[in-house]
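Attaching a single structure in structure tokens format; questions to follow.
Naming follows writing order (A, B, C and D), and every chain is counted from residue 1.
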Amino acid sequence: MQRCLTVTVARHSRLLAHRAVSVRQAAAMSSLLISQPKYSWLKELGLSEDNHGVYNGTWGGSGEVVTSYCPANNEPIARVRQATMAEYEETIQKSREAWKVWAEVSRANAPKRGEIVRQIGDALRKKIKVLGSLVSLEMGKIYVEGVGEVQEYVDVCDYAVGLSRMIGGPILPSERPGHALIEQWNPVGLVGIITAFNFPVAVYAEVLEQNNLPGAICSMTCGGADIGTAMAKDERVDLLSFTGSTHVGKMVAMMVQERFGRQLLELGGNNAIIVFEDADLNLVVPSAVFASVGTAGQRCTTTRRLMLHESVHDTVVERVAKAYKQVRIGDPWDRNTLYGPLHTKQAVEQYLAAIEKAKQQGGTLICGGKVMDRAGNYVEPTIITGLPHDASIVQTETFVPILYVLKFKTEDEAFAWNNEVKQGLSSSIFTKDMGRVFRWLGPKGSDCGIVNVNIPTSGAEIGGAFGGEKHTGGGRESGSDSWKQYMRRSTCTINYSKDLPLAQGIKFE
Amino acid sequence: MQRCLTVTVARHSRLLAHRAVSVRQAAAMSSLLISQPKYSWLKELGLSEDNHGVYNGTWGGSGEVVTSYCPANNEPIARVRQATMAEYEETIQKSREAWKVWAEVSRANAPKRGEIVRQIGDALRKKIKVLGSLVSLEMGKIYVEGVGEVQEYVDVCDYAVGLSRMIGGPILPSERPGHALIEQWNPVGLVGIITAFNFPVAVYAEVLEQNNLPGAICSMTCGGADIGTAMAKDERVDLLSFTGSTHVGKMVAMMVQERFGRQLLELGGNNAIIVFEDADLNLVVPSAVFASVGTAGQRCTTTRRLMLHESVHDTVVERVAKAYKQVRIGDPWDRNTLYGPLHTKQAVEQYLAAIEKAKQQGGTLICGGKVMDRAGNYVEPTIITGLPHDASIVQTETFVPILYVLKFKTEDEAFAWNNEVKQGLSSSIFTKDMGRVFRWLGPKGSDCGIVNVNIPTSGAEIGGAFGGEKHTGGGRESGSDSWKQYMRRSTCTINYSKDLPLAQGIKFE
Amino acid sequence: MQRCLTVTVARHSRLLAHRAVSVRQAAAMSSLLISQPKYSWLKELGLSEDNHGVYNGTWGGSGEVVTSYCPANNEPIARVRQATMAEYEETIQKSREAWKVWAEVSRANAPKRGEIVRQIGDALRKKIKVLGSLVSLEMGKIYVEGVGEVQEYVDVCDYAVGLSRMIGGPILPSERPGHALIEQWNPVGLVGIITAFNFPVAVYAEVLEQNNLPGAICSMTCGGADIGTAMAKDERVDLLSFTGSTHVGKMVAMMVQERFGRQLLELGGNNAIIVFEDADLNLVVPSAVFASVGTAGQRCTTTRRLMLHESVHDTVVERVAKAYKQVRIGDPWDRNTLYGPLHTKQAVEQYLAAIEKAKQQGGTLICGGKVMDRAGNYVEPTIITGLPHDASIVQTETFVPILYVLKFKTEDEAFAWNNEVKQGLSSSIFTKDMGRVFRWLGPKGSDCGIVNVNIPTSGAEIGGAFGGEKHTGGGRESGSDSWKQYMRRSTCTINYSKDLPLAQGIKFE
Amino acid sequence: MQRCLTVTVARHSRLLAHRAVSVRQAAAMSSLLISQPKYSWLKELGLSEDNHGVYNGTWGGSGEVVTSYCPANNEPIARVRQATMAEYEETIQKSREAWKVWAEVSRANAPKRGEIVRQIGDALRKKIKVLGSLVSLEMGKIYVEGVGEVQEYVDVCDYAVGLSRMIGGPILPSERPGHALIEQWNPVGLVGIITAFNFPVAVYAEVLEQNNLPGAICSMTCGGADIGTAMAKDERVDLLSFTGSTHVGKMVAMMVQERFGRQLLELGGNNAIIVFEDADLNLVVPSAVFASVGTAGQRCTTTRRLMLHESVHDTVVERVAKAYKQVRIGDPWDRNTLYGPLHTKQAVEQYLAAIEKAKQQGGTLICGGKVMDRAGNYVEPTIITGLPHDASIVQTETFVPILYVLKFKTEDEAFAWNNEVKQGLSSSIFTKDMGRVFRWLGPKGSDCGIVNVNIPTSGAEIGGAFGGEKHTGGGRESGSDSWKQYMRRSTCTINYSKDLPLAQGIKFE
């Protein structure tokens, strides 16, 4: 899920650029993919063997060098030189200066912001294929997902253009003669974003510079925990947005709360599909497969728990397992591939450990369970049945393609199991029963931020608010009134009369 | 500011009842005010010498006994026996059970909730004078403020009745054929409220019982830090609302964040009035007096900083000081009184300490500065000039009637000073310049939650959202979309077709 | 459906008072019901043998005398002396004067309007039983409906109280520096209402007078077509609301359009229930009976067409017919009665004529069809099958309890038949198929203003907007944003800067 | 003001294409401008000597031939062959067929509509200069206005893209257990637009065809009163939008009301600027000049009445008159020109007649008043003082550049004069007094749809709703919730339970 551009384009901080990398030791050797003719398209994006990890109007970076590896073959793609703490400090200062310019733009001319966002969206639209390919190469997402991710980005830009002429509070009736009561929304200030993976800062930079706006309106500092911690604690960062694990998210949240900053958390999910006895299995099977093996189980909205009514349990397990075996595994950039590698070697280890635990806790391996015998971080998509709903491994989000199948008897039971995990991101039921659908949507139904019916847990639309409750962090991005998280509200009363009616009828002087 | 009843009526927890008390040693002696004929009206409220500090459907309390003293004379009013931890536990359990019933009411019949709230409002309306008198006696607010506080409560009830047929999310256009995209809002669950002072739980109880609803829908456990801490850490409390100091608020917030709970904080303010050269001084003077000495400087929205343009500085100081001297000081329940006591003896000490610090930091005492020679916690309303805007005492919220007068030269300077304190609750300018008014409302104007023009910092209307930014905690209560804080949002997608269009055009099985 | 009080309480004109009457020749004889001890409760409402037909701050009426008859026995209840044209003129003038006062109330203090409406609601709540009885006696509605009608009124008042602190437009982002863009809503002015039947003006008058407001804020002039025509053509009437037949509604609409006035029409309906093969017949049967015989077929939302899928046609006809025979017919004020008389003798004639036509066009009488052998305008509730969907009598709204049963084969056919009539008020389907439900709600589903699923065509809630499309007139009352019909919108741009950026970059002078 | 594309792109009818023309006798001679090398750029737009006046998927036109003349020189530009009634009939039929396809798009995939609109906006953006030039050549607007008009169009498209993911009603709380209450908005159906001047249908056609959608989604039939009347009376046209004179607008409105169709009227204005004693004259003078002579006085929002406080009357008249003399008159396509011709010869006659009447009624000519001695329909921009505010010529909208200057004494007087004309489109005050500003916005202020402060009457932004009250017709276009006029609302209640709680507690069967 890309984040709402309405206002975030504006401010900010540690955006990992499209040249961003995961933190590993620098590749000493010279055989970088970018130097191979096959990957020369990377240069269309302005990348080279050594890349800058800082942007704040000018490109820089003089810290540690890290290398980005392709998860499909563990070959090094290119190197990035990260930010030092001094560069972080410089970047924040330049961002604050840039904010003054940008605030003037928005104060003077809110729809002008929209125009900048429109141009960014158009610039992304033009590069959609090559950006999609980069996502595929560096993250291991299959090509159609890589392109889809950029498309979602573009859609959010288009959406934000419209929003730029709409956002605002109501004028409310005042109970006092000669007074106007107005709800005013202003941009919150400097927004810091701690995010993993790609973020196409270079495109922002291009557009900002073309419009004679300071590039530092959208800065970036690649770095590790030191930079992240600095941002979380930095009083100059008015809003801190964090997407990542619940574990790190909690640490960030505590640091931000300590200084009464604002935070926007998009953390983990332990998402379930519930299949009732009256479900259309022709919808269930592709949904379950798509949502559990898509992106190799590495979406925040991946289905991790498949709850099956006892009457359809065996049938569905059989059909899903059969489908699993037909999933085309291969290089993510190959247009035929449906399933790529895990993102890191550590994820492979977590995969193996989770399978071991699941067995210990009573699980039965229906399919998968092994690391694949090929280059890159490939593991078999895995189905495990027979675990109790409250087994500790079932209650844990492991960010890999393991699907736990649970058998239930009643609606109440299934809804309760859905809600008993710590996270509250996404959830689905499959049923034809309208009464059940509305119960599912109601106060005793799903406690998640995303509540689906007859579609899987993944695949949200940008028009709605995206995010989840409980340990998922509570943040909302994209549509509906998510823009309010990037704004602050003032309740304004203007006395335009010559009298002063004091509250509660009190008279002074 | 009373809190929004739309949904809070529902759930609950540590509500200090109308028999609530501040925590002090129990009064051993028998001469309680309640036993004196003059205060026999307290019995209309069902109070007696010894009162229950727990309500959860039945009244109880077997913990420490505390005595409530009248701040106007430090006489004991009555005693309350607080909750033990076991009673807290029992209350939470009964509240959770009650929630199941109440959720069924709201799920089945949302406007039915409105009807209950309407009855509560009507019950309060009938008791408005005697409840107002109790506020006056126990808190030291002047009578008209005491009644005004209850009236505000009643108004919020009326408002919430209307709201009960309106709240809900939009239906959004889906980009997928045969899909409906719906934003559903459900009540958040059990709401805990840590609040000081009065809270008329008995009225709730009456109404709930008349409607055959469990009284535990609105429970109360009087207690100290132990009960408060338990609530903050309790995973069964879905939302924790805290009104009080920034210091305690931060501790509460950290405990709630630690468990990824929801919080709603209404903390301190260090509110300024800015008077420009073109201001109508006939509005300025009563505003400044009302907002700085009203409630003896003990409102969260009290004006603590009065910034005067150099051209009007001396005139305004003189006129305000003159008005200060005419403020009628007396028993708060006396209808002529405009100024009553501080709430506790500790506050008197804080008052003296603040004056001492202000002098050390360069301040000049214009009027006030002394404890008054009469029974009760009375101190003189105080004006101090000559301090630098960034003096540490000026930057500190001391919850007493001391007004720091600052002299400024330019609009930019004044706006910057307004924003440089940690808190962000309320703020006012006095001017006739429309350009300035809109700059004040804009992104480079006030950073507070309440932004006024030609009225003082206190005295909000219930139709707007009440609350502040930064160290004020960020919570919003009462009007506008404040109800969303008591609800949780689900973004729901319903596939009502027979097809499954997967995101990003992927095809499975 | 009562009309929204949010703003209409304000203005005014030809409200038939609770002493209102239908226009017939004056009863010469003395044996009025009101003079009988059994009906002495009518005097609680301030009624007497001869009543005033004009209110505009004072009560008057010197025009034609009409007598109100009880439709259950055709006995005269009491007499009303209607307005002359001179009294109409005086009333409008006094209303315009009153408007100036009331506009000042709303401008000064919008929530004050809410408080007046709250008091009106409370006054109605106190008289609910006796007002409900009057409805029953004069209109022939059964008692529970009479009371229900007043309850709905009260609910609208409660709703409007909340609304009085909420209504207002947004503040929009301006594309011009130093400009504010605001959408302001103001009350539309004098509202004229042409309505049949009861309208409790006396209650309004009581409340207005207690609040020292001019009674003419809510005036009334009983009269015939002359008064109605005068109102429709009167430029001083800013909004004209008309509830009644499509025939008269069109004439009124043309007169108002001619002068570019505003109109709000609530005209007829020819409402259908569609029963699909998968419907729950336990819901269908009582729904069909309730909606077709309730209020003896004299609701605008009465079901007039019952479309049955061929597979359930015979079963449903049989069960509905059986239920028809069990409907308890009697005096409307008898608590056991479910079915009362037609409102007028003319309606009895229309009933007979319609049955005759239906037979001629091929219809078969399943039950009913005859005038009943008892005092009053009682006719048998009637079911007719076998007519083609496009028979002219089926396409006609006859305001009597005749239900035409149609047999259909496909969803497309049923939806098309639903939409082929001129009116577009209410419509229902009964089904368990979620796909069908959403198709029914969509652009190719029902074209009515009220679109129900598994409930009958009648029985709307006040939180929604009430009204219909096409020949139903297009007006909306009650909930949602219906208040906008009583308001006018201004799009306001305020330049608060010292510069003038002309549109399209043009420079002058 | 371009009309909102949100939904109108969809349906349609009599759009005068970019090859549209005003109705005059066909030019027999061959010397068409389009055939001259200087105007060869017209061919970039696909125009030729003879053009089709019908589009409904294919281009056609076999009716009367009309010639379009350039108002700056009265030379013929090109010829158009208009629609016959048979072609109108065919077009409507094809539009209804196209609607079925398009409704399926919107039902299936609302944001897909947005994508089509986005492409249309982009296509217009690419042709903005040549389209602007055509406007200039054919309408006589100056070049910067011509381009500005197209830019506004493009902005509306961008706005509508965002809207396509947002529009929808609320989900409301139901008072009945097991019921959902939903407000659903669907497109209204076929929209007919009667408009003068240019409408770039060819661009729509291009985009629709590229997307494999029927071109008849956006059809056009050029024609005279016969075609317009047919559309107004045509029951297949669900909404009729008319922009033009009040005189014709009323006839159209009556025809549409007669059939209970929907209408959206944008008729005339008689707009005033009010200048108070405290106004900033540096804003007043360019505003008055821009708004009165811009587009040679032929905007619906042109300032026709300039009300000056007596204290500034003479000064302002003098300065405005001086500025009038500096207005650069010339060929509209010349980039230096600020003032072009009237659109038709009839307008020149109306200009002369109005000046004559004004003199008769007591007016004094300050400047202008004569037809200019050059080719084309050029008249001098004219200022007339000394007329009474209620002179009949002042109360009349004459669509030419005559400005009536009125002298007033009090605010009440000025506001009353503003409101006393029949039209209610646009209005402005110039003042620094904040109290006056809010009174101007309030219920006793301006009764217009557009209410400005310190900017002139013309130059609205697309984010707000555009349109006016009273004889201006009441329609609203562009921003805010104007989209609702192109949609119809259903209030939907879904019973998803197994029970049927009848309204008012009635029990049947």
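Quick note on the criterion: a contact is a pair of C-beta atoms (placed from the backbone, for glycine too) under 8 Å apart; a residue touches a chain by one contact, two chains touch by 3 or more.
As the structure is a prediction and not an experimental result, all values here were calculated from the model.
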C-D compared against B-C, more contacting pairs: C-D
Interface residue identity across copies subunit A, subunit D - same or different by half: same
Centre-to-centre distance between subunit D and subunit C (centres being mean Cα positions), rounded to whole Å: 36
Length of the line joining the C-alpha centres of subunit B and subunit C, rounded to whole Å: 44
Contacts with two or more other chains, residues of subunit A listed in rising order: 107, 111, 165-166, 169-170, 172-176, 178, 182-184, 434, 437, 461, 463, 479, 494, 496, 498
Subunit D residues within the subunit C interface of the complex: 103, 106-107, 142, 144-145, 147-148, 151, 169-170, 172-176, 179, 181-184, 186-187, 250, 253-254, 257-258, 260, 262, 280, 282-283, 285-287, 289-290, 294, 323, 326-327, 338, 422, 437, 441-455, 458-461, 463-466, 469-471, 473-474, 476, 479-481, 488-496, 498, 500, 502-509
Contact footprint of subunit D on subunit B as seen in their complex: 107-112, 164-178, 182-184, 432-434, 437
Of all residues in subunit A, those that touch subunit D in their complex: 111, 114, 118, 155, 158-163, 165-166, 178, 180, 434-435, 437-438, 461-463, 479, 494, 496-498
